[in-house]
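In what comes next, chain A is part of two complexes: it sits with chain B in the first one and with chain C in the second one.
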Partner chain A sequence: MGERAAAASLKFVTVQANSASLAEARARVFEFFKTTCRSIPTVMEIYNLQDVVNESQLRSAVSSEIRRHAHITNPKVIDMLLQKGTEELHNIVQHSKQRHHIIGQYVVGQRGLVHDLGTKDEGTSDFLKNFYRSNYF
Partner chain B sequence: MAAASASSFTSLKSRPAPGLATIAAVKSGAPLSFSFRRPVPAVSRLRISCAAKPETVEKVAKIVKKQLALPTETPVTGDSKFAALGADSLDTVEIVMGLEEEFDISVEEDSAQSIATVQDAADLIEELVQKKCG
Partner chain C sequence: MALRAALIRHLRVPVQTLSPAGRVSQPSVANSLFGSIRFMSSHDDHLSKEDVADRVLSVVKSFPKVDPSKVTPDVHFQSDLGLDSLDNVEILMALEEEFKLEIPDKEADKIDSCKLAIEYIHNHPMAS
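After this line comes the complex of A and B, so read on.
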């Protein structure tokens, strides 16, 4: 596991992503995903998430975040999203965030925070639930 | 001098390795695979390519099923292709990451590209685990 973390840490010195084509942007996305997955053990140790979540759940949270933008075809937009993702990962690994941020954003996720928590929410409209989740539905 | 010692190291390694694999198989309780008993010629490039142990294939199949959320009775054999099971490219990368975590190995970029079936993944894992331990 030591070499996985070491391999991941080298990637943080990144240049500005400037993909020439969709294929290159795709490759960068997979690289980013792999770096993130290899940093997951570090994150779990930093924020003491061992009792809250396990590694595969965090991995699927990351992949669902990536999959939300899977329909995008413009390489520049993909680069921008990758830059935001790298910045987020950097903040998390450098311990600039706190435990409740990680739990709220990646463990509980978008659905658990707001809705379907009690019987009073079961009657609310699907439109509102979708609206809270994202702008495009 | 380093090259000479390295080559002598590899030629020494090529002979006990089949025995070690047999011992490892006995320790883990798996049925002895007699393909390991074939004498390996001491070539300069150490590459023992033998079929993966069935329990490795089992573990890989379990991880694949969990990742793709397949029902447990779906047959996932060594020949099942990931694409045929409904995995897109991100799923395949995620499965490889799950295997990295499970077996505590590190898969290189070019090796990861060549994985298309469950058997490929199991063979690659065996190779990496042997390289790590042996």
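After this line comes the complex of A and C, so read on.
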């Protein structure tokens, strides 16, 4: 199962995505999402995440990462993002990352690390909150 | 495999018609008694439709973006539950995990409601 997940992600790494249209890019995105979801059991086994998170939370994390770029319409940009995503999946499945990377990046997620619920942060401006989230807003 | 099973079943018939005639030996009595009960067969090891429907509905209800009170066996994922196509794919992946299946892309594109999902899984031979 681990080999199949690794082989599936390896297939994406070697082939350069070159979508002719938005529809083709969209189909590739769904294919990437399915490959990632099918590798989730392997990832949980490699990094021993059984007590920390369950599969549906990881699926939601992956889909929210994809949804962050849902507004993009240029097929070349989508291909580039898919390439980065495939590389990331490959690194994770090949155990090049470590447990704290996965927990910090996908279990706790973007909001968890910098989101502070203390009273001192409630008055901060939207500019700062957006800035913590990403460079481009 | 199915042909072999059918052939063996067919070849059984002459043995069973002989056993009332030669009723002395022990093995032939055992044959006629236990011939109809197959202890090691998984032929009718199929999931029942209510079982499939219950599990599909529980998977859909536990999806974080779904309101559990709106989920019925006829509900359509995108038009009734307000999900988008990525959520549709995610629900299908959750169903794949629940029933230990792998749904090919062509079939997966057509499934966009609870009814179709229940039907597909019920008809799938590998569903467990």
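Keep in mind that, in the parts below, the second predicted complex is superposed on the first by the 116 of 137 C-alpha atoms of A that agree within 3 Å, B and C clash if a C-alpha of one lies under 4 Å from a C-alpha of the other, contacts with A are read in each partner's own complex, and residues count from 1 in each chain.
By definition in this document, contacts are C-beta pairs under 8 Å (C-beta built on N, C-alpha and C of every residue); 3 or more make two chains touch, one makes a residue touch a chain.
Here the structure is a predicted model, which means the values were calculated and not measured.
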(message) On the A-aligned overlay, A:33 touches which partner chain: chain B = first, chain C = second, or both, or neither?
(response) both
(message) A:87 in the overlay: touching chain B, chain C, both, or neither? Say first, second, both or neither.
(response) neither
(message) Counting residues of chain A touched by each partner, does chain B or chain C come out ahead?
(response) B
(request) Mind working out whether A:67 is in touch with chain B, chain C, both or neither, as first, second, both or neither? (result) both
(message) Tell me the contact category for A:59 with respect to chain B and chain C: first, second, both or neither.
(response) both
(request) Once the two structures are superposed, pull the chain A residues common to the chain B and chain C interfaces. (result) 30, 33-34, 37-38, 41, 55-56, 59-60, 63, 66-67, 70
(message) List the residues on chain B that touch chain A in their complex, please.
(response) 66, 89-91, 93-94, 97-98, 100-101, 104, 106
(request) Under the touch definition given earlier, write down the residues of chain A that touch chain B in their complex. (result) 1, 3-4, 7, 26, 30, 33-34, 37-38, 41, 55-56, 59-60, 63, 66-67, 70
(message) Quick check on the complex: what are the chain A residues that touch chain C?
(response) 30-31, 33-34, 37-38, 41, 55-56, 59-60, 63, 66-67, 70
(request) Sort out for me which residues of chain C touch chain A in the complex. (result) 62-64, 85-87, 89-90, 93-94, 96-97, 102, 105, 108
